[in-house]
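Shared between the two complexes below is chain A, which has chain B as its partner in the first and chain C in the second.
Entry: the complex of A and B
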């Protein structure tokens, strides 16, 4: 940006707007906006801790009746709970808010304002709104994973690194899923209940997907990839899954990213706008 | 204040005929409002369905997890087989729908948007309006539940044997649960008139309800020290009891005891609602033109 000669107009040379600057500005503005409401931090912390206490109570209740659940020991199940909590925080702070804004804009025909800007539209619509406080869940979830890992013999450093890669892939997968669903709003205008539906489905990720019957396992692998996004990192950390599985997840993610890109472009083409 | 609240005119007491008239008016009000709710919600049947499908996930998760536990511990846990859990959580869905009432979070909106002012000038208590409206909505909810229950029953075969007393108790108990929950959440919502920082309080209430009502897990599976609490709290009456009335073979006296507990909680809830409303509404002020 600094080297751009003053004579060139931004609109004429769209490639001049650097992606990195766009990302930094969008994230910065969102963060400043949210940091005004500092009391919400305590509310979020309270909510995170209540949710964690509930999750622990449920796990404790289950292990009152059985020593292992589908081959998972109590502390191993806490890893799943931790990953689920942390990824949930990422979804609610980085992914979901922008997608809901996008849904609103498509419905109200206000997306023109985003599409006419000289930046990659997908990048812009994906980062327009970020809420900071749900990131507390990321910290809480990460803490749970660390504490649980110290009590598991099968947890190793390479396993933890693989888990980290897997969880990042998981975040990308969930982002793609959200964008594909939201892009559906270009054709089916009323998609608000999808958020409700997704949050319902996401709750299933608190348990290892292997517990579910075959047809649900398929649903939670391909359609809503919780098996890959939440269970796989937990499996990698507890030595149940190795390089091969994470490699497979990488290929799946790459394919999903490509499909999402194609589908988004298809959607934008059919966007009519609301201007007269 | 209390002298103006009595409806009787100071000179003559109302003749009995007038009382019948009031009852009939009330019945007419309930019929009209619930009919309106049916018509209104029927327009949004697709949205309502999406909402219900989202709601299916929760009991299916519990059902799967507890079925795995039951199988791991030799076929049953706490008296529930996988088929027993299937029956519990399919009926769960209907009771969950009966549990949907006006949310305490909604009072903030009602106050901010000035809706409460409109409610105050009506000659009828707002509680009646909420009771009638959501009761009408239940008709749609039950209709939409039937096909979902059929599909769930095919996927997770339930074990269910019922007698007439259980079915009769169930149909009374789901409405008892509905009334209790409406009253309690009305009282909770009134807190909004004292403070707008209500989210933490509501969160605590809903968490306690989730754990202690039978929503998360049949209460028979809870440890004894938890059950000690459950007997003194209203949550079982609003969720666990109606389901148990149908799916776990409760004896006649147990059914009656459950219904009596519901009656007690309706009385407590009603008294609380009236007292809290009277105090809360004094704090309300509206600005308008």
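Entry: the complex of A and C
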């Protein structure tokens, strides 16, 4: 039996173009809508500044008693604070909202609609909800990193470029982590508290990973690559990590992406097999 | 659309009530197989509108999910537009739509038009085509004033119309509609019905419709497929459903002189002044009618099948024994 080619109406454009269009439309639509709520911008700015002030106060407090912390000097630690703030903004703006929506949809059986669309379901569920205002944190965090690095002798331009790559890797790692956890909702129904658990863990990323005891370091690097996501960019910028470390992180991220994809597909398969 | 021996079996954990059983199930979980759908076969021609009937839990939604690619059949085979649905081929998905009356797929916080825009991107519809179809559908459904509102501000009926509009922007060839009018008032049901008939006529789309409102089915579908306990019970014209399952007919007589006892002719169902409604067995209907005409010289007499709702009720009351199911073999296409 022959298959019926699609009508000329749908899928009028090649896969690649469509995929890009989907990303652009999803991002554009959510962003434009949220931009209407200007008051949220001021709330977020206020929140970001308070969070930043708290972080600085903690760092200042620590350095009242010691000149360096595990080899990190005050301005170097501020780089960690900046990266942590910026990545936190990316998480709360781009990653977490869609993942929470996905969790709800899996629980309520509404994922059906994402699975009956002629586009990659992972792409669709990962970009469905974007909140723009937490991006203020990205700007604030980036500002902190810039200010701090002008006061660090070891900061170089190649180091900064490596740090940029590491930040991107970090964002991808955290996305994967979130998707893996969320995919767990296919089997475990009650996953609502995962966001709080994650945010709690993310707080640990405020400190350079080297400060933790060995077993925690391992946990935060391999199992929950949170600290790795924050520390590596800071290490790259302050000349502690070089090309080799960032290369290693690239491989690790690639493996994580592949695993996440596999795990997601497994989840979808089990969803299709079990839902009534 | 061809379905042969389609079946879906779920494996569900079972345990008895009580703490002891709960603890036991933690260690060793027992499973029971539930045959949601078994050995279902039918085929539907392109452009046909078919009513898919069955009581709650009959396996309607499971079947629709298998046909739209959401569920992997446990046995048998389904082919829709030449594709095997569970493979979820993009070319297949671009030509179908699944609408579920109790779930919404538009973005809750966004204006309706933005959700439409997302569908445009997802289905890769060329801009001019998209705009033409969108405006046409908005016009047909009369939702022009609603589309700029966020979905959460719409009433149930308005939302359903917006849902249907959004699901048809890519002009699907096959529509799976699961209770599209559930919870809507009569006017709204009617409007959606008219729209579906119009869409079917305009684009020659195949429609498979489940509904608890028989009015939807009688208005739209000449043919019905009835399933019960996951098995095919009837497949054929809606008009013959009564013949197969209904053992009685309804005779309405308007008497020249009221207040006469007609219980001797059949079961008196209703008396409204001079108008009496009787239920008699199918086989005797014409004899009883002749006797009534001869004995009473009524001013009016009608013989009808009982209301379709009653017929359906009777169909579903059919006991679940293999021998009692009467698949007709009346499969077309």
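To be clear about the criterion, the second predicted complex is superposed on the first by the 255 of 276 C-alpha atoms of A that agree within 3 Å, B and C clash if a C-alpha of one lies under 4 Å from a C-alpha of the other, contacts with A are read in each partner's own complex, and residues count from 1 in each chain.
Heads up, the rule we're going with is that a contact is a pair of C-beta atoms (placed from the backbone, for glycine too) under 8 Å apart; a residue touches a chain by one contact, two chains touch by 3 or more.
Bear in mind the structure is a predicted one, so any value in this text is a computation, not a measurement.
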*After superposition on the shared chain, which partner residues are touched by A:116: those of chain B (first), chain C (second), both, or neither?*
second
_A:201 in the overlay: touching chain B, chain C, both, or neither? Say first, second, both or neither._
first
*Kindly classify A:68 by the partners it touches after superposition: chain B alone (first), chain C alone (second), both, or neither?*
first
*Should A:47 be classified as contacting the first partner (chain B), the second (chain C), both, or neither?*
first
*asked:* Between chain B and chain C, whom does A:38 touch in the aligned arrangement: first, second, both, or neither?
replied: neither
*asked:* In the overlaid three-chain picture, which partner chain does A:22 touch, first (chain B) or second (chain C), both, or neither?
replied: second
*Where on chain A do chain B and chain C both make contact?*
none
_Interfacial residue positions of chain B with respect to chain A in the complex_ = 46-47, 50-51, 53-58, 60-61, 64-65, 68-69, 72-73, 77-78, 197, 199-200, 203-204, 207, 210-211, 216-217, 221-223
_Help me check something: in the complex, which residues belonging to chain A touch chain B?_
39, 43, 46-47, 50, 53-54, 57-58, 61-62, 64-66, 68-70, 190, 193-194, 196-197, 199-201, 203-204, 206-207, 211-213, 216
_Interface residues, chain A side, partner chain C - complex_ = 1-7, 9-13, 15, 17-18, 21-22, 24-26, 29-30, 33, 108-110, 112-113, 115-119, 124, 128, 269, 272-276
*Touching chain A in the complex: which residues of chain C?*
2, 10, 36, 61-62, 65, 68-72, 79, 81-83, 86, 88-98, 100, 103, 105, 107, 109-111, 114, 117-118, 120-126, 129, 133, 170-173
